[in-house]
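The structures come next, written out as structure tokens.
You will see two complexes here that share subunit A, one where it goes with subunit B and one where it goes with subunit C.
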Partner chain A sequence: MSNFINVISPLDQFEVRNLLSLDAPILGNLSLSLTNIGLYLTIAGYLVFIIGLLSSNNNKIVPNAWSISQESIYATVHSIVTGQINEKNGQVYFPFMYVLFVFILVNNLIGMVPYSFAATSHFILTFSLSFTVVLGATILGFSKHGLKFFSLFVPAGCPLALLPLLVMIEFISYLARNVSLGLRLAANILSGHMLLNILSGFTYNIMTSGFLFFFLGLFPLAFIIAFSGLELGIAFIQAQVFVVLSCSYIKDGLDLH
Partner chain B sequence: MPQLVPFFFVNQVVFAFAIFVMLIYVFSKYILPRFVRLFATRLFISKL
Partner chain C sequence: MIQAARIIGTGLATTGLIGAGVGIGVVFGALILGVARNPSLRGQLFSYAILGFAFAEATGLFALMMAFLLLYVA
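So, the complex of A and B:
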């Protein structure tokens, strides 16, 4: 029975914990603290930086395995940016998109290490990223087109009678972009990790129940391994989807359909 | 859920944006231009 007593909530892995804090009675009682999400974000930042530095391969022309992986990420993001935004003018946004892709990817992959934590499973973080991207695209549109930016809400060739309704729908869909972009990423990572947590707790309980149950538990264990592979794929796909959609929103701001 | 406490989510967002902005700066100034130079070098060797 002891296994059932210390069952913890599957959401427990996403708790924010204070690891180190400094209460400074300056600047209006500033409290500087390092939480677990801050730690993992810092680790992710260092990883991205170190991998980027190591895989430069001392500027050799012939690539090694590390630089091939980095070059293929470069090629992927470059094709997304040039394909979605613009062949020529879109390249300005390439560094931002590259860092966005790598940052989300590394944060997703850190979550796949057992006993670690995926920072992108937090809605606050993904929402702050998505709201920033969409707000930036809107500001870009306004600065480039002025008030003509509102023609984004008018679909081409729509009848005049339907115009108020369609503008309303387009406006709502424009606002929904903010939420959907961040929600998609966090919900995918959160649900995947929760599923793995629930399944593994379940399997652990089965496998520790008896000799026969140990072998019975190998079946759900195979599922867990399969789901881990799926999560690995999701980590890549969600980073790519986030970047593709960010590019298409920037394109909307630049070209207005 | 501590992530709903303003202190924690402000902390989270500050960390995320500080690291993100630093990475954008470092990548766009030091790391990505290396790739461009590398690709340009390969192009010059093979095509020109």
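So, the complex of A and C:
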């Protein structure tokens, strides 16, 4: 019973590995390493920079295709921010929302490349983003409204007897926002990639079993291709939903509905 | 024994996706009905539908996350 076989699990594609590391006993056991997630986040940063360079189009006024894509992303995020928060005063939050959108979108799309690494599938990254956003919205609410911020937890038109229970429920639901925002993004990307990994493993086994099975394996292969298309849509949708909900939480902090 | 229990637990946790399927169907059914009543609101209603789809999908994926946690981590 103690002969354990080395099983390849579908979670292996998400493992954070050290690519280059420096472990030295100086300065109290220094251990610096470039991990695969660090490398892919850096690649994403350079990709955003290069797309920005290509969109500048030699400083021509007429846009090329890259410029049009950048303008459409700008217009999308701008419409989300002004629609959700406020027409005039909401633009202060636009740079933050734009960076959030582009960061999540580019990292999702880099994860769609075969054999690469999906950085946004890690809960620690999405939780740090979502905790930061909701904490920021809460601090914004406190700085603008002071202790009246707690009126956020009292729904309108609530009978006085139910008030303690309702406030507690609303408070817990507010705390759950931190987790749900990040969990939504990471869970979508993680489950999509894991499902593709498992299905591809099975389809490979089918298609390499024999001559007839090669053609039989084309049906699950077609499903995998269609599901990859859905994953591409999910990459865009999850970035948009993250930004829409972040704007909604900032609006709750500012306006106390 | 633990491995068998883990696999059974994973299968049971995956039934949470029933809710996700029903929820997504309800959201897009409501979108179709809404656009049928008032086709000019198609853009606005579609963006609400995508938001609702993300919420419904997220709730289903919470259950799927528990399933994966049980299978590979616990």
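Simple rule for what comes next: the second predicted complex is superposed on the first by the 241 of 257 C-alpha atoms of A that agree within 3 Å, B and C clash if a C-alpha of one lies under 4 Å from a C-alpha of the other, contacts with A are read in each partner's own complex, and residues count from 1 in each chain.
Throughout what follows, a contact is a pair of C-beta atoms (placed from the backbone, for glycine too) under 8 Å apart; a residue touches a chain by one contact, two chains touch by 3 or more.
Please read these numbers as outputs of a predicted model, since none were measured by experiment.
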| item | value |
| --- | --- |
| Subunit B versus subunit C as contact partner of A:S209, first or second or both or neither | neither |
| Contacts of A:L125 with subunit B and subunit C, given as first, second, both or neither | first |
| Partner chain in contact with A:N188 - subunit B first, subunit C second, else both or neither | second |
| Between subunit B and subunit C, more extensive residue contact with subunit A | B |
| Partner chain(s) touched by A:S9 [first = subunit B, second = subunit C, both, neither] | second |
| Subunit B versus subunit C as contact partner of A:S72, first or second or both or neither | neither |
| First (subunit B), second (subunit C), both or neither touched by A:S173 | neither |
| First (subunit B), second (subunit C), both or neither touched by A:S151 | neither |
| First, second, both or neither for A:V241, with subunit B first and subunit C second | second |
| Intersection of subunit A interface sets (partners subunit B, subunit C) | 11 |
| Subunit C residues touching subunit A - in the complex, by the definition given at the top | 50-51, 53-54, 57-58, 61-62, 64-65, 68, 72 |
| Contact footprint of subunit C on subunit A as seen in their complex | 9-11, 180, 183-184, 187-188, 190-191, 194, 237-238, 240-241, 244 |
| Residues of subunit B that touch subunit A when the two form their complex | 1-3, 7-9, 11-13, 15-17, 19-20, 22-24, 26-28, 31-32, 34-35, 37-38, 41-42, 45 |
| Complex contact set, residues of subunit A against subunit B | 11, 14-17, 31, 33, 35, 37-38, 41-42, 44-45, 48-49, 52-53, 56, 59, 61, 70-71, 74, 94-96, 98-100, 102-103, 119, 122-125, 128-129 |
